[in-house]
Amino acid sequence: MLKEQLEKVRGQMPLIHNITNYVTVNDCANILLACGGSPIMADDLEEAEEITAVCGGLNINIGTLNHNTIPSMLAAGKKANACGHPVLLDPVGAGASRLRTETARRPLKEVHFTAIRGNISEIKTLALGMGGAKGVDADGIDAVTDANLESTILFAGRFAEDTGAIVAITGAIDIVTDGDFACVIRNGHPLMSKVTGTGCMLSAMMTAYLTANQEQPLEAAAAAVCAMGLAGERAYQRLSAKEGNASYRSKIIDEIFLMDGKILEEGARLCKYRLQKQENGTSEKIICTEVPHEM
Amino acid sequence: MLKEQLEKVRGQMPLIHNITNYVTVNDCANILLACGGSPIMADDLEEAEEITAVCGGLNINIGTLNHNTIPSMLAAGKKANACGHPVLLDPVGAGASRLRTETARRPLKEVHFTAIRGNISEIKTLALGMGGAKGVDADGIDAVTDANLESTILFAGRFAEDTGAIVAITGAIDIVTDGDFACVIRNGHPLMSKVTGTGCMLSAMMTAYLTANQEQPLEAAAAAVCAMGLAGERAYQRLSAKEGNASYRSKIIDEIFLMDGKILEEGARLCKYRLQKQENGTSEKIICTEVPHEM
Amino acid sequence: MLKEQLEKVRGQMPLIHNITNYVTVNDCANILLACGGSPIMADDLEEAEEITAVCGGLNINIGTLNHNTIPSMLAAGKKANACGHPVLLDPVGAGASRLRTETARRPLKEVHFTAIRGNISEIKTLALGMGGAKGVDADGIDAVTDANLESTILFAGRFAEDTGAIVAITGAIDIVTDGDFACVIRNGHPLMSKVTGTGCMLSAMMTAYLTANQEQPLEAAAAAVCAMGLAGERAYQRLSAKEGNASYRSKIIDEIFLMDGKILEEGARLCKYRLQKQENGTSEKIICTEVPHEM
C-alpha cells in the first residue's frame, strides 16, 4: 500500500503550512516540493490561522520556538482542527528546556494532533514529562533497540491511545503506531544523524502524506517514514568517498524527488504488528502479534 | 545590451540590503555573491534604515513577514527612497492572507519602488486587490499563456504606469515592463518550480542588477530575468537522471556564478514590445508592436 | 598538535548552543555535525540560559540580531561564564550599524569571551570603536597583508590582552592570538569569500574546538582556523570548471566532515610567533619572534 500513499501525494500536491524552525526550514520546503507537496511558511499570529485555513495540512515544529511563534502554533493548531485538516507536532528538543517541554505538552491539551513525530527522548518527554534529551538529539540511554523494542512499541501505543494521534518515534529503528497497530521500520542509514534536519524534513513530508491520505493516517505516516529512510539508504549508495554530510543532505532530498511507488515498495523494510490488550480489566500488559507484511 | 548589465554588476559589486524571509535567505545571499553583488541581511527596526543607507540597493521580500519586520520594511523603503537607492518589492504570497496583501499594498502608497517582481497571482493581488494565489505559488487559472499574453502585458504596463515601477511578472513566460516597453522572456525550465526560492533569488539578483544599472532599470530587470531563466536551463542540462531538485538548486546558483555576458546574450530569449496607447482620450486600448530585439 | 585538537572534538562530540543569524544557520549546524560536534539553536530569552547550561559551549553571532535576541545573547553569555563554558563572539557586521557596534561591544563589558572571531574591520570596530566595515565584509583598506602583518598582530595581541579572549582575525591571512603568542595561518582560498557564511561556520566550529580543548584555547582556535582554510583549499581542488559557489559551499562542509588529524597536520600552513613587550615600563612596542612550528 505504500505505493498508493506516495502516489496520492504526487497526485494531490497538498499545500502544507509549516510553522517551523529557521535552521532547517529551507530543507523542509525543498523536501515538500520533492515529494510532491507544496510548502508555505507563515508564523505571525496575525496570519497563522488564515494561512492554515487555505492549506491542506499543518506542520508544527518547535525547533526554534519563541514567544512570538508559540501563540501562532496554538492558534494555527486549533484552526486546523476546526477545518478538519491534519496537523502534526514535531517536539524538537522537548526535554532540553522547560519552555520546549511546556510548549510541546501544552498543545496536546488544546489541539488534537493527527500525528506526533519525534525521537525517543522527545516522545518520552511528551508522554511522561521527562526524557533523556541531549540537546535536540535523543539520548543514547533512550535508544530503541531490539532488546527494548516490544516495550517501546507498547509505550508508543499507549501514548497514541492517550492522544488519539499517530505516534512516530524515529531513530535507528522507527516505530509508527495508532495504538491498535504498530509499524516497525528498519530503513535509513546512520549517516543521516550527521545531517541537520532529517527529522524536521520527515515531519514536513509526513504532513503532506497525512494530508493526501486522510482515511489512512497510520499507513500515510509509515509510508513517509519508509520513504525518508529509503532515501537515506539510496543517497548513501550514491555518496562517493570524497563526499560528506553536505553532499549527503542534497542527495537525500534528490532521492525523495526521484522516488516512485515501485522504488518505495521494493525498498521498504516494514513489519506490522497488532497491539493486543490483555483481557483483564486493569492490566497494562499488551501482546505484540506480528501481522503479515500487508502494506 | 544584456552583457553590459551583467558586467556592471560584476564590476561594481553592489552591496544589497535584504529584508527577506528565513526560508530562502541563504540562497538569496549565495546568488547575490554568485552574480557579483554582496549581501547584507538586517531586519530590526533599530538598524534597518542605517543599513539601507550604507548599501546600494534594497530588496524587500515579505515571504515570512511578521509584526517586527513589517515596520522595518517600511522604514527601510522610505530611507532607500530618500537616498535615491533602487528598491524592489517581492510580494511573496500576496493574496494568501490579508496580512500579506495589506503588507504588500501599503508600501505602494508610501514607498516608490524601482521594481516589483512576483508571480501573476501576486501581481494581480497588488494591482487589483484580488488574485488567485495558491499559497506562495500562482494559481493555474492566472497563468500567463500565449493566449492571454497581450492582455497580460497591457495589465502589467498599466500597473507599471500606476506605480512608476518596473513590473516583472515571472512564470513560464516572463513579462518585464516599465509601461512604455515590455520584454517578454522565454527562458527557464519547469523544474525551477520544484526548487524553493527561485523567485526570491531572482528578486535579490534583480536588485543587484538595478543597483548597478540605475540609468536603465527596464534593461537591468530584464537582464536579471534572462540570467535566472538561462541559469535554470543550463543547470538542467547538467542535471543527471540520478539527481533531483536539491542538486538542481545548487546548479542554478552555480550557473549564475559561471555566467558571463557572452553566455547571457547568446542564451537569452527575449522579445521587446512597445506599448502604444490609442490616440483617443479615455480609451484603455493599447496596441503591442514588436520591437526588433535590440537588447 | 592540531591533530589532537581535532580528535578531541570527534571524541567528545561537544554540544554547542548557537544564538546565530538565520542566513547561515543551516550551514553552521551542518559544519558542527561535520567536525564532530552537535548543534542546538535557541534564541528565546525564556530558554536561552537553560539551553546554554545543558550545552558544552556557546556561539554568539550577531549576523541578524534583533531586539528579541540581543537580551538572549547577553543572558546566555553570562550563564556560560557562570557554568565555566567556552563562549565565542562573532561580531558580524560590527561597524555597519550603531546597533551592531553596540551589541558587539556591550557584552565585552558583561561577558568574558573565550574567543572573538571576526574579519579585520569587525575586530577594529570592537577594539577601537571604528573600522572600515563594508556591510558584513571587511573593507579593503583594512586588509591584513604582509606589509601590515606585524602591526596587525600587535594590535590583535593588545586586544586579546584587554579582553582576556583569544582574538582570531580571519581573511586572506589569519591571525589567532592570546596576547602572548600569535599564530599566523595561510590556509584558505579566495573563492571562500563568494560563499556566504564561511566566517559564521568557522565560528561555530571554533566553539566546538574550544569546548573540546579547554586547556588549550589558543591551539584549539588555531586548529579550527587551519581546518576551515584547508577545507577551502581541498574543496577547491575538487571543484570542476562547471561548478560555482553553491557547489563549493557543500564541498567545504564535506571536507570538514572528511578531515582527520593527519590531513590537518599535513595541510596546515601555520607559523607561531611570540609577542614580546619591550622591557621599558610604558612602551607599547612589541617584538615578534618567530617560534619553530611546534604545533
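As written, the chains take the letters A, B and C, and residue 1 is the first residue of each chain.
The definition used in the following text is that contacts are C-beta pairs under 8 Å (C-beta built on N, C-alpha and C of every residue); 3 or more make two chains touch, one makes a residue touch a chain.
Since we're looking at a predicted model, the values are computed, not measured.
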> So which chains count as neighbours of both subunit A and subunit C?
Replying inline: B
> Same or different for subunit B and subunit C, where same means more than half of the interface numbers show up on both copies?
Replying inline: different
> Using mean CA coordinates as chain centres, what's the subunit B-subunit C distance in Å?
Replying inline: 36
>> Going by the contact rule already set, what residues in subunit C reach two or more other chains?
In response: 22, 26, 68, 249-250
>> Show me the residue ranges of subunit C that touch subunit A in the complex, using the header's touch definition.
In response: 15, 22, 25-26, 29-30, 33-34, 38-47, 50-51, 54-55, 68, 238, 249-258
> Can you name the residues of subunit B that touch subunit A in the complex?
Replying inline: 21-24, 26-27, 63-68, 93, 96-100, 134-137, 193-197, 242-247, 249-250
